[in-house]
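Heads up, there are several structures right after this.
Next come two complexes, and both contain chain A; in the first it sits with chain B, in the second with chain C.
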Partner chain A sequence: MSIFACQNLTKRYGKLTALDNIDLELESGRIVGLLGPNGSGKTTLIKLANRLLQPTSGSILIDGKAPGVESKKNIAYLPDKEYLPDWMNTRQLMHFYGDFYEDFDPQRATVMLASLDIPSDMVLKKMSKGTKEKVQLILTMSRRAKVYLLDEPIAGVDPAARDYILRTIIQNYEENSLVLISTHLIADVESVLDEAVFLKQGHIVLHKPADEIRTETGKSVDEYFREVFRC
Partner chain B sequence: MLGKLLKYELKAMGRIILPLYLVLILASALFAVNIKLNDKTQSLSGFMNIISIVTTILFVACIFVVVIVMFFLVVQRFYKNLLGQEGYLMFTLPASTLSHILSKLLSSLIWIVIGLFAGCSAGFLMVAIISDMKTFNEFISEIMWNLDSLVGSGSIVKQLGMAVVILILGIMKSLSEIYASMAVGHQFNNHRGLWSILAYIGFSLIELGISYLPFVKKITVQLTEQGGFLYNEQFHGTFAIAVLFSLIGILIYGAITWRLLDRRLNLE
Partner chain C sequence: MEWEFKSGAPIYQQIVLAVKFRIANGTYPPGSKFPAVRELALEAGVNPNTMQRALAELEREGLLMTVRTSGRLVTGNEERLRMLRMELGNSFIGDMFVNLRRLGLSDEEIVEAVRSWRQEAADRGKSLPDEIDGQAGTPASVKEGQNI
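Right, the complex of A and B next:
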């Protein structure tokens, strides 16, 4: 059974169809790039998996369960927003994550936060945008989850921060888990991807191992993406 | 999960409202000391006059600030923490939508009740400072006597208990109405604050309209005249109506909020 499975999944916002009858199965132990331009339906798919949205029709299952309280125990989600309460400091946030997630590893978070020299009593409000994003990532990747859903983790950060983020993901994800990274910055993530899913206007136009794409097309995933999505 | 959510919610509200409650009690003590000094010295010096004005302003301002901040906190904690960007954190926790709503409702209720205690404490503190203790004891006895004669039967604890139940249910209904209004406003993509206010006005008008419906009026009159289904006195009949209407309000507003947050969440 796939850890992440969508069947005839459709999501409409009024007259706009964000996802149109998609079928997708993803397995554990893979790093998958959910690739597509803005408005292609990447965030909608991730929100559906987190039950932040309800599908118009079709189904989505995480480890065999429909999105809900049980599935949320297994999903480590990084939204593309500043979503943490800004009055909390990192120590309080670690307690918060530890209280709500049984799979949270405070040791791992402490080591990563210490490497960034962030004082444990500094509230989020006083941190720079880049530091806040790193704290969010650290808390997400400090969970020993079955599924990591990372929505645009490298958008809007400088190249050095991108390296840090990708390194943190690679060094900390659970090897038997699924990591789904949504992005339109293919070149930066290409080296870490096992598979790529191309999403175009709510349709999956390609789902293949990254190596297969390179072998079949003679191009990098990034080059092939640019070809498929040429305006 | 409700316990954990409630713990964080109480902490989030308490860090702002608790210091204000302490300032309110302090301000009431200063105000009372000032009145006591004014009583003793008939003619005030210029300095004492200024102190007198400052303590009075501080005391009155404190009351207004506490009420306004409490209202702001009730709205802000629900709007920012559930419907704003923090909603991405909260709604992906392994907790049900009902737990989220209850944690907000109970936390606000607890802090409002603590606020009422703080207000009463400030009042008693003022009386204790202004009068000497003998007069204070007389004051308490007088309150008890007045309450006793007001409600008549002598079972003052029971009457006060019913008043407290009505008060708590009334607060819960008001909070539920505010939450439901925000949940409705959240369904729109723009001007969500404005739509929330309009939803609140709409709910209030519907409530008003329902209270004028002939069959509701008939029930109200019957319950009052016949003594209600709980007791056989006029006060008890009114109590039964108030409890019933508050419970219905809490259930309806709660159901609206739950339905919209659980099935039609619309985070930006």
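Right, the complex of A and C next:
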């Protein structure tokens, strides 16, 4: 059974259909790119997987379970917005995370946070955008989860921070877990992807191994994406 | 040495080729211990599965081998290394023929031109440059992934 499985999954907001009857199966041990322009349904799908939204119809199962308290024990989620209490410093954030998640590995987080050279009394609010993103990602990747759902982990940070973030993902994900990265910045993530899922106006228009796309089209995933989504 | 990936060709194939050049030019010396998958994936900025696939291919081709106690080693087989250098060299020669034919030279003229170029260089006592550019001399055809 796939670790991440959607069947006939539909989500409507009033008259707007954000996800239209999608089927998607993702396996453990892969890094998958959830790729689509703004408004294609990426965040909706990730929120459904975290039970921050309820499906209009159809089902979504993570490791065989419907999203809820149990499934969240296995899912490390990085939201696309700042979500942590911004008055905390990194030490307090680590306690906070450790209280919430049994699979949080404080040693791993300590080593990575130390490499950022953040003053120990600096609170999240005072950090630069790039540093905030790094701290949030470090906390997420310090969990030994079965599924990592990363919603726009590299949006709005400089290229050096982007490299840092991608390397942190490669270095820390559990080998038998699934990593789902949503982004519209394809060129930056394509070398780390096993598979690409193209989402267009609530439909999955492509789901393939990244190297297969490159072989079949003679293009990079980024170039092919631009072709599929040309306005 | 930097890892650079071009569009089009699969990344694992580009890694295979890059590692072949590094084995041929001694960056990874014969018989030496080869870096771990995750370490090398991190260095290249690629997915560990992709790196694994590339290294498996290099094992199949007899350039790397897994030894139970000491991980992965670069082959120490001199004959295999000589074949590797020939294989990589042939792709440069192939490119040269393609380019010079485009200029309208016949194959005989190309061979003659190579001979006289070498002779002139020897006469002037010039030494050949080690590297043409920073690219570790990947021939154009392999860069574009046509010749793999």
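Convention: the second predicted complex is superposed on the first by the 231 of 231 C-alpha atoms of A that agree within 3 Å, B and C clash if a C-alpha of one lies under 4 Å from a C-alpha of the other, contacts with A are read in each partner's own complex, and residues count from 1 in each chain.
Rule of thumb we're sticking to: a contact is a pair of C-beta atoms (placed from the backbone, for glycine too) under 8 Å apart; a residue touches a chain by one contact, two chains touch by 3 or more.
These numbers come from a predicted model, not from an experiment.
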>> A:S191 in the overlay: touching chain B, chain C, both, or neither? Say first, second, both or neither.
In response: second
>> For A:Y77 in the superposed arrangement: first (chain B), second (chain C), both or neither?
In response: first
>> By the touch definition at the top of the document, which applies to A:L166: first (chain B), second (chain C), both, or neither?
In response: second
> Touching A:V69 in the superposition: chain B (first), chain C (second), both, neither?
Replying inline: first
> Considering the complex alone, what residue numbers of chain A touch chain C?
Replying inline: 29-31, 163, 166-167, 170-171, 175, 191-194, 210-212, 214-215, 218-220, 222-223
> Can you list the residues on chain A that touch chain B in the complex?
Replying inline: 47, 50-54, 69-70, 72-73, 75, 77, 79, 81-85, 87, 96, 99-101
> Which residues of chain B touch chain A in their complex?
Replying inline: 1, 4, 7-8, 12, 15, 81, 85-89, 91-96, 263-265, 267
> Within the complex, which stretch of chain C touches chain A?
Replying inline: 5, 7-12, 38, 41-42, 44-50
